[in-house]
Structures are given as C-alpha cells and as structure tokens.
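Read from first to last, the chains carry the letters A, B, C, D and E; within each, the first residue is number 1.
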Amino acid sequence: MLRKYKKVNDVHGIEFREKYIPEVSKPTYVILGLPDAGLVGGISTEFLITNSQFKEFAQAYSESHLPPISHISSGIAKSPLSLYHKDNIIVVHSWAAIPSGSLQPVASALVEYLSKFSPALIVSITGLPVQNRLDLEKPTPYWIANNESLGEEVEKTGLMKRFEEGYIAGPYAPILLESARKGLWNLVIVVESFLDLPDPEAAAVALDTLGKYIGIQVDTSSLLKEAEEVRAKIKGLMEQTRREMPGYTSVKPSTYA
Amino acid sequence: MLRKYKKVNDVHGIEFREKYIPEVSKPTYVILGLPDAGLVGGISTEFLITNSQFKEFAQAYSESHLPPISHISSGIAKSPLSLYHKDNIIVVHSWAAIPSGSLQPVASALVEYLSKFSPALIVSITGLPVQNRLDLEKPTPYWIANNESLGEEVEKTGLMKRFEEGYIAGPYAPILLESARKGLWNLVIVVESFLDLPDPEAAAVALDTLGKYIGIQVDTSSLLKEAEEVRAKIKGLMEQTRREMPGYTSVKPSTYA
Amino acid sequence: MLRKYKKVNDVHGIEFREKYIPEVSKPTYVILGLPDAGLVGGISTEFLITNSQFKEFAQAYSESHLPPISHISSGIAKSPLSLYHKDNIIVVHSWAAIPSGSLQPVASALVEYLSKFSPALIVSITGLPVQNRLDLEKPTPYWIANNESLGEEVEKTGLMKRFEEGYIAGPYAPILLESARKGLWNLVIVVESFLDLPDPEAAAVALDTLGKYIGIQVDTSSLLKEAEEVRAKIKGLMEQTRREMPGYTSVKPSTYA
Amino acid sequence: MLRKYKKVNDVHGIEFREKYIPEVSKPTYVILGLPDAGLVGGISTEFLITNSQFKEFAQAYSESHLPPISHISSGIAKSPLSLYHKDNIIVVHSWAAIPSGSLQPVASALVEYLSKFSPALIVSITGLPVQNRLDLEKPTPYWIANNESLGEEVEKTGLMKRFEEGYIAGPYAPILLESARKGLWNLVIVVESFLDLPDPEAAAVALDTLGKYIGIQVDTSSLLKEAEEVRAKIKGLMEQTRREMPGYTSVKPSTYA
Amino acid sequence: MLRKYKKVNDVHGIEFREKYIPEVSKPTYVILGLPDAGLVGGISTEFLITNSQFKEFAQAYSESHLPPISHISSGIAKSPLSLYHKDNIIVVHSWAAIPSGSLQPVASALVEYLSKFSPALIVSITGLPVQNRLDLEKPTPYWIANNESLGEEVEKTGLMKRFEEGYIAGPYAPILLESARKGLWNLVIVVESFLDLPDPEAAAVALDTLGKYIGIQVDTSSLLKEAEEVRAKIKGLMEQTRREMPGYTSVKPSTYA
C-alpha cells in the first residue's frame, strides 16, 4: 500500500504535502539547509538528518518553482525539498538548488508554512566564500540577524562574530526579510568557505556553533573523517548549484564582508 | 470520410483526443516511452507498438506544451504524442522530445489522464548514461520507485538493481512525483546506456526486464539484429532530443548514480 | 474614398478583415502559401494570384502574432498575410514568414476562419530540402495527409509519392493537426527543394501536381522562364524566412524523409 | 506653480497628457517623426517644431511601452514622445527610438488618439537606406499609401515616385495598417538615405516634398547649412535607434525596393 | 522582542513597511540616492544618513521588483531600499541598484508613497559621466527640473548650470515624469563624474550644492578625506550597478550633454 500524502498548504504555488503533522516540542527551532556557496547549509542539514535519526514528515511540490528533478534515496524518488523533525527541531533540506527566479516565492512559502509551528528561531546555514580558504586552519563563523534583539542575544554568547557590513544574496536573503515581515526571528550562521567546492569542514564549524547556540549535541567528527566521500557524493549538486549561483549573486561574493 | 477524434480531456492545456475509449483488462500496466538519454524509452515503446500490434486510441494535442511538429507515418500526419493499447497494456509513446519548459504540465496532464484507467503500475523506461558504455557486454538495469512498497516488491524479484542514491531529471522526474501525489505506483526502469547515441541494446534489456516483471513475452531479437537500422531511422529524433536535454538535466547525468 | 475593411473575425488574437465575403463555388479548395524551406509555397501562391487574376478579399491583422512589416505593392501598403479567391479556389498567401512563436495561434485562427467556407480540401505547399537538389533534373513531389481516407484518395492518383516516415515542422505542422481536429481534410504537397535558396522549379512542380489533382489549368512555363527574376525579387523574404526557420525546425530538415 | 497635465486618454497602456486641447484648423495634417533609418523623420519634425514655432500641447507616457528616458530641453525634463501643433498641422515627434517590442501598441495608441482630430492625412517621414547614398546628388523621394485613392492622388502630383514593390518594417509599418483599419489616410514619404548616419539632406528633401504636397512653406536652407551640427547633436539618438533597428527590420533594408 | 513593521502601502507590487510614520516639518524635502553612474547619489545619501543622524522609519519590500539581496549593517539584515528622516528632510537610499526592468514600477511606487508627505521638492542626485573627469579640479553641477517654474527658481540661485539639451536615462528618468504627473516638483542635481568608479568628490559637490539650495549645513570634508575608504567599501555595489546600467541607458552616457 502506498502511503498517500495529505495536501496541506498551497502557498505561492508551492504545496507542502505532509505524511503527518509532527508534534514538535518547545522551544521549536527550524534549521534551513539550501544549496548555496560551498554547500555549507546542505551538507550540515544532510548530516543532521542522516546521523541523528530525523524523520521526514513533509515534501514540497511545485510545478512552477522547483526544478524537474527527483531526489532518489535507496531507490525511492522524492521531492528535492523535504522537511524532517526530531524532538524540538525541524530541518528543511533541499537536494537541489532553488532556481534563481524562484527564490522569492519559495522564501515566502517556506516562511508562511513554517510559521504554523511558531518557531522560536529559524536558523539558516551558509558559506562566506573567502579567497584564502585553504590557508585557514579553522573557518570563522559569523552571524546575521533579522532584528536587533536577536542580534544582541547572539552577540552575548560570543559564539560567532558579527557580520559587520555587506550584502547577502541568494536563497537566504528573502527568507531574512520574509521572516521579519511575519515577526519571526531568523539567524544566519555564515561560515568562511570555498565558493564552488563542497566544504564539509565549514559545515562542521556551522553545526558545532549551532549545537552550542540552541543547546543540542552534534558529533561532527565523522563528518570531518569522511570529508572526501562527502565531497564526491555531492559533486553533482555542487555543479547544479554553481549554475544557479550567478543568478543568486547580483552582488558578487567578494562584496560579502 | 474522416474519422473525427472525440475531445475527452483538457488538462493543464493538453487535450487527449480519443478515437475510442479502449477496454483494458486488469491488472492494467502503462508503459511510458519519452525521448531522453539514449532514446532508451522511445526505442522500447516504438518496438512494442510496431511489433506487438498495439492499437492507437488517442493523441495528445497542445498549442502551448507540445512542439509544432507532426509525426508522419505512411503519409499520415499525427500528433507526436500518442497512446496505444493491447490486452492489459497501455503504451504512451512520443515521437518528439518534450520541450524542457513543458515537462511539468505534460507530466501532470498525463498522470491525470492515465489515472482514469486505474493502472496497477506505470512503468517509465529510460537510460543511465555511463562513460564506459562501450565496454559493457550487457548494460545493467536499475529500478527507481515512487514509494517504499513498490520498491520492496521490485527488489524481491531480483530483476533489477536498486538505484541507490542520486538524482533523476527530465521527463520522468515530474511523473514520479505527480503519480505519487495521485496515489499511483510508478516504476522507472533505468538501463545503462549511451548519452546521445540511440541505444537499441539498452532498450532490449529494458524490454526483457519489463516483460519478466509484468509477465508478458517480448522477443527483442529483431531489435538487436536491426540495431543499425533503428539508429539511422531515429537520428533526427536523437538530434532534437539532444537539444532539449540540457534543459532536462539541471543536474548532469554523471550525477545519476 | 478609402474602402474600409469590415472586421469579421477575431480568432486567437488574429483579425480577418474582409472587403467582402466572396461567393466561392463548390467543391471549394484552399491553397496555402506560407514562407518556409525554399519558399516553395510562397512562390507557388504568388504565381497563382498574380497570373490567374485572383482577387484579394481579406487581410489578416494581429498586434501580437504577425511581424511589424507591411507588404507594399504598387505603392499601397497591406498586411503581409492576405486572402484571395477565384472561382472555387481560395488562396492564403503570406509575404512574411510567420514568427516561430506564433505558428500555433496562426494555424488555429486560419483553420477556424477557413472552416466557414466549408472547404473540400486545404492544400499546403512546401519544400523538402534535399542535399542533392542541384543534381535532380526534376524534383519529386510527395504527399502528407491528415487522415487515411484522404491518403488513399491521393495515393490512387499516382501524382505524388507517399511521404513514408518522418517529421514535418514549421507553419504547416500545426495546420495539419488543427484541421484534423475540425474534421477538415488537409493535404501537404512536399516537393524536393533547396533549403534557403528560393526554388521556382520546385514551385512549378508543386503547381503542376496541384493543378492535376484539383483539376485546374496552371501554365507554369513563365515561372520557369523567369526563375532568376523571381529569385532576385524575393531574396529579402528568403532572408527573413531563414531567420525564423530554426525556430520552425526543432527537428532538422535532414530528418524529413 | 506647476502646470499639471490633464490625463486625456489611456490607450493600449499609453497615456496622452494634454496641457490643452488645441484648435486645429481644417484640413488637418499630422506629421510623424519617429527615429528610424537615417533619422530622416526625426530630423524633419525637429526642424519643423523648432524653426516654425510649433507649440507643444501633449506628451505621451507609458510605464510599459516607452523607454525609461527623459528628453531634456533647456533644463526641463519631458517625455521623449511629444505632440505639437500650429495652424492646421499636428506634429508627433519622438526623441527616443520606440522599443521594437512596443511598435504595435504605440501605433494603435497614436492612431486612436490622433483620430479625434479627424485628420485629412497622416504623413510619416522615413529614410530608404541605399548603398550608393554618397554618390547621389539629391536623394529621391518615394511614396507609400495605405489605400488606392490616396495613391492615385499622390501619383498625380508627380512630387514623388511610387514605391513599387517591397516591404516596410519598423515604427511606420503598423501605423499604415492601423490607420487603414480606422479609415484614416496615411502617406509615407520615403527618401533615399544613409542607414545609420543622421541624414539632414534627406530630411530636407522630405520637408520640401511635404511642403509642396500639403501646401506649406518650409525653408530648409538652414537645415542644409547646419547639417554637421545637426549630425553631432543627434549622434546619441542615432546610437539608441541603431540598437532598436534590428528589431524593426525582420526584413533587412536591402529588401525595401 | 522583534519590532514588527506595519504594512502601510502596497503600490505597484512594492510594499512600504513603516516602523512609524514620522512627523516631518515643512517645507519637506525628499533626497533620493539610487545607485547610478559613479554612485554619486548613493554616496551622497549614505553620507547624509550616517553623518547627520537620520533615523530609518520605513523599508521597501517587493517580491517582483527588488533584487533578492539583503543589506547588512552591524549584523542586522534589511531591505536594500530604506527611508530615513530628520527635521524636514526625508532620504530614500538604496544599497542595491534597481533592476533595469523595474525602474518604472519602482518610480511610480516611490512617487506615490512620497506624495503623502506633500514634499515641497524631491531632489535626485546623480552623476554625469565625462571623459575628462580626471582633469577636472572640481566637477560642475547641473540642474534638470520637471517643470519651468522650478527651473526658473533654480536658475536664479546660480548654484548650478542649466543642463541644456540631452537625455537622462536610468532610475531618475521615470521619477521626473511620474512626479510631474502627480504635480510634485522634482529637481535632479547632476554632477560631472566617473562612469563606473565610485566618485566621492562628485558626491561632495552634490551635497554642497544641495545644502546651499535647501538651506541645510552639510560638512563634506570627511567625505573627501575618506574618499579611498568609501571607494573600497562600495566596490561591490559599483559592480552590481555596472551590471544594471546598460539596461538603464538605452542612450549612452556620452549623449547626456
């Protein structure tokens, strides 16, 4: 028997089909991993869902805003954009880069859908491409917040540096503004990274920082050990993401900081 | 006298004009052959309909989603996308590659139209481009399913290997998701193949595998004998398909497996 | 005094403005000459209307589907797409290539407009580009029909060869399907021709064949005598047509037969 | 105090804002100067409005159909498309080339707006690019009319040659057809000219011919004396026009005559 | 706690979200700094808001008309298009170039939103690219006005030269016409500048001229002292602006004066 998805929401041309509506404990955190510079976000959330037994509860479908690509895992085809949960955490993970022309509607739909879980915080994870990435022993994490109160809170922890002045372009930019519009707190953890090489080390830094900030245990040692395999596995996704990134960055990465 | 088609369905801007509504016995199987890597699907379904006396019962028309091309057979012009039937099998065959911007609406329309026959299974046939195709004595077939139960069933037969991890892009990707949405089972038989050379040998493997799986007899020996003629005949279709394929694969074929 | 056109039909964004509604005797034949490979159709219909005293009765106008070009004849500007009649024949002639993105709506509009004359047959004239055109003493005419009964009728006459297997792309392809949809018979006379050189000899073969098939007298000797002048005169139209043709043929002409 | 324009007409997405509605005596002539080959029309109408004390009475505005460009004259910014009048003459002059995708709606809007002045004749002025322009002592003027009666009338005067056979593409082509549709007479004065060099001499010929035809006195001697200054002044407009012209001429200028 | 923005206006697909509605004293002046040639406007308004303690009161949001970019300042993400006020002055500053296809709707929305403050004058600041910029000791400011009365008033002050004849393209062009349409006065201060190098010296001249004209004190000495730092800081914005500028100027900058 095929377990049918229940159609829950059709927002901005994007459907969120739920197997079930998860009970997520409080305070609820949402972690976003969307393909982007260095695939830092995508590697982080894939590591979380596969190593910490997250359960998939919904998939996003869209005729107009998601690419005609199916993600296949153990022979089973799925939407590239899926939602997972465990305890008080919801993970949104995409196995394909969002087309640059669809960043705004996908952001609006995601924020609207997620708002029904009344999250205490939405955390986006991304990379900050730096030229001297190879010379860095450990990439530095920065924070961007969509409001001053959140900024102050993060600054007090001393876990990340403040991203002083600059721009953020790509899938996380409209999510920052859309969540502000809805009164939701959105933190972006930005870790120094490669631009178009998958960067598991940067993902490990992001996960360590995230774990300390929201108070969960993440053992990233296996992520570092298997860095080479991770890189090989997601080479294809890196290629597709590279093709979409020029559309993300009307402002070039060199202008980030 | 001209036998007029009866207009039956106008779904997502695509009309299915039926000469008659066929009585298809149970369990009903649908076989899809859409131009794609190596034309594996198209060669398979063309071989079926011409060698096993399938009867055409409907053609698809669309001002906006199908290319301005007529397929000509024995002097008679037809829509490039036609439906055939015999016993308990429906074949959907396209003589032209679906434009990459129309993959989603064509998938939605096909699945919605086919659902009225309550098929037990929709089988898509496609190629998996591999670099060492020339060195393979016999290309290997893999399976992709749109739900776990189907996956288990196929896995038990041992006829195909499981497609472990990766992506599928192109015309079959949205069909996997759309049929899941409608609660229909969809199996993709993926056979190792050339990328842009027509591959009758891969089609023969697909048909053999399909025949064993759904319990029908297909003698593919003539397909192998006339491989060269088949290749020559569909050179033009391969060219048109090659032009559409970059739009199919935002993710390159090398990332398939 | 300016003779105003009466607006008769606005179909799919195309207006047919009629000076008058002609009385056309039965059986009514429609001849279509739209710029295409070798301009075979356009040369044929221009020859007909100028040498056989056809009378213009309507012009097609469209803000969105016809190019911003006026055809000028003896100082008077007209729509590039005009309709003419004489006895039992209606000629549709275009002095400009239909933009490739407008093939479908123009086909739908033409067929719908023409259906009110209840034509016994719509005849399209086109070229079949062949590499060895220069070596052919007399190019061969082929037929394509949009239904089997018409095909049998034409085949019996022995005037043209059957176009066995292949594709037709460009302005005549959607007309074949649209007329089938409306229950109208559509015959395409396809004559071997140059691809992007105007080919009056091929047009002469088309007209001879057409004349014998529908029982009218066409003296094409002057067309052959003045072949060079015809070529010079329509060089500009050939250039514009050449620009639109790649959009016509997603399938290359080499795949025709 | 800022004199506000009164919004009079919003036709096809184009607004005609009038300072006042001019009383134009009969018979009313409209002269159109739109940037085009050799800028013959634009130079002619600019010369008329600045040397014969024409008064501006309206400007055209459009969010979608006019380029985001302001014309500046003595420090004051205006729409690039303005209307002027004097005695029985209305001049429509554009300081920017109409984008090729907007030719049809601009033509429709202009003709509809102008029709309320019940003009006896609309005169368009344009260039006919000829290769041997440099060798011509005096470029020849030709006429194109949108109906036979006007053609006969012009032919009798012997002021211009008849434009025998060919095409006209660009801003004046849809105006010919639109005015015919509304029952308005439209004459195009076509003067041999350069293609992408401003051609004041051709403009002088156009104005002389126009003056004789509609019975007004135009002293073009200063236009010829200051030809070099005129050329320098409108170099920028020539550049923008050159960028739009390929979109005008799906049919190349060499096919004009 | 996150201070939510109140949604005030949704004009032409652009939302102006206000923290509060500021009380602005009379006469109210609006200063516009949008990225453009030499970033003269953007440098000027950034200097004003950061050195004269302007307060942000609103941000503009748009799914379709603003780029998917967030501006980050001290870690906090904001819309790139924000509004500030102090005393009788409102500043509109953009941290990203407006996409060329969105100039018209952004202009319409801005003018409509600003009109509710009944401004006595809207001042746009921009650069006039000149080839010999390096040789100029002090770049010259010019004025453009959207009506004669304003032009006369400015001319009397002797602060700027009149921009005699030419074109203005880019973000300020539709604002000139839109404000005229609404009966609002709009002055453009145009200062000779580099084309694609940030030009703080030109911005200083613009601010000095503006200060004298509207009677406010602006000390631009620090702007000149830190010219190099300013240039480095906005290198990224200059790059994005350079990418949009060809779309702004269908007419090349050389045609400005």
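Rule of thumb we're sticking to: a residue touches a chain if its C-beta (ideal position, glycine included) is under 8 Å from a C-beta of that chain, and two chains touch if they have at least 3 such contacts.
Keep in mind the model is a prediction, meaning the values are calculated, not measured.
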| item | value |
| --- | --- |
| Contact-connected components, subunit B excluded, all else fixed in place | one piece |
| Both-way neighbours, i.e. chains that touch subunit E and touch subunit C | D |
| Fitting subunit A to subunit E on CA atoms, where both chains share a sequence, rotation angle to nearest 5 degrees | 70 |
| Between subunit D and subunit A, distance of the C-alpha-averaged centres to the nearest whole Å | 57 |
| Separation of mean Cα positions, subunit B and subunit A [Å, integer] | 35 |
| Where subunit D touches two or more other chains at once, by residue number | none |
| Chain contact graph, described as a line, ring, star, complete graph or other shape | ring |
| Subunit C to subunit B touching residues, read off their complex | 100, 103-105, 107-108, 143-151, 154-155, 162-171, 173-174, 176-177, 180-181, 183-186, 188, 248, 250-252, 254-255 |
| Subunit D partner contacts - residues on subunit C that touch it in the complex | 1-5, 17, 61, 63-64, 67-80, 95-97, 99, 233, 235-237, 239-240, 243-244 |
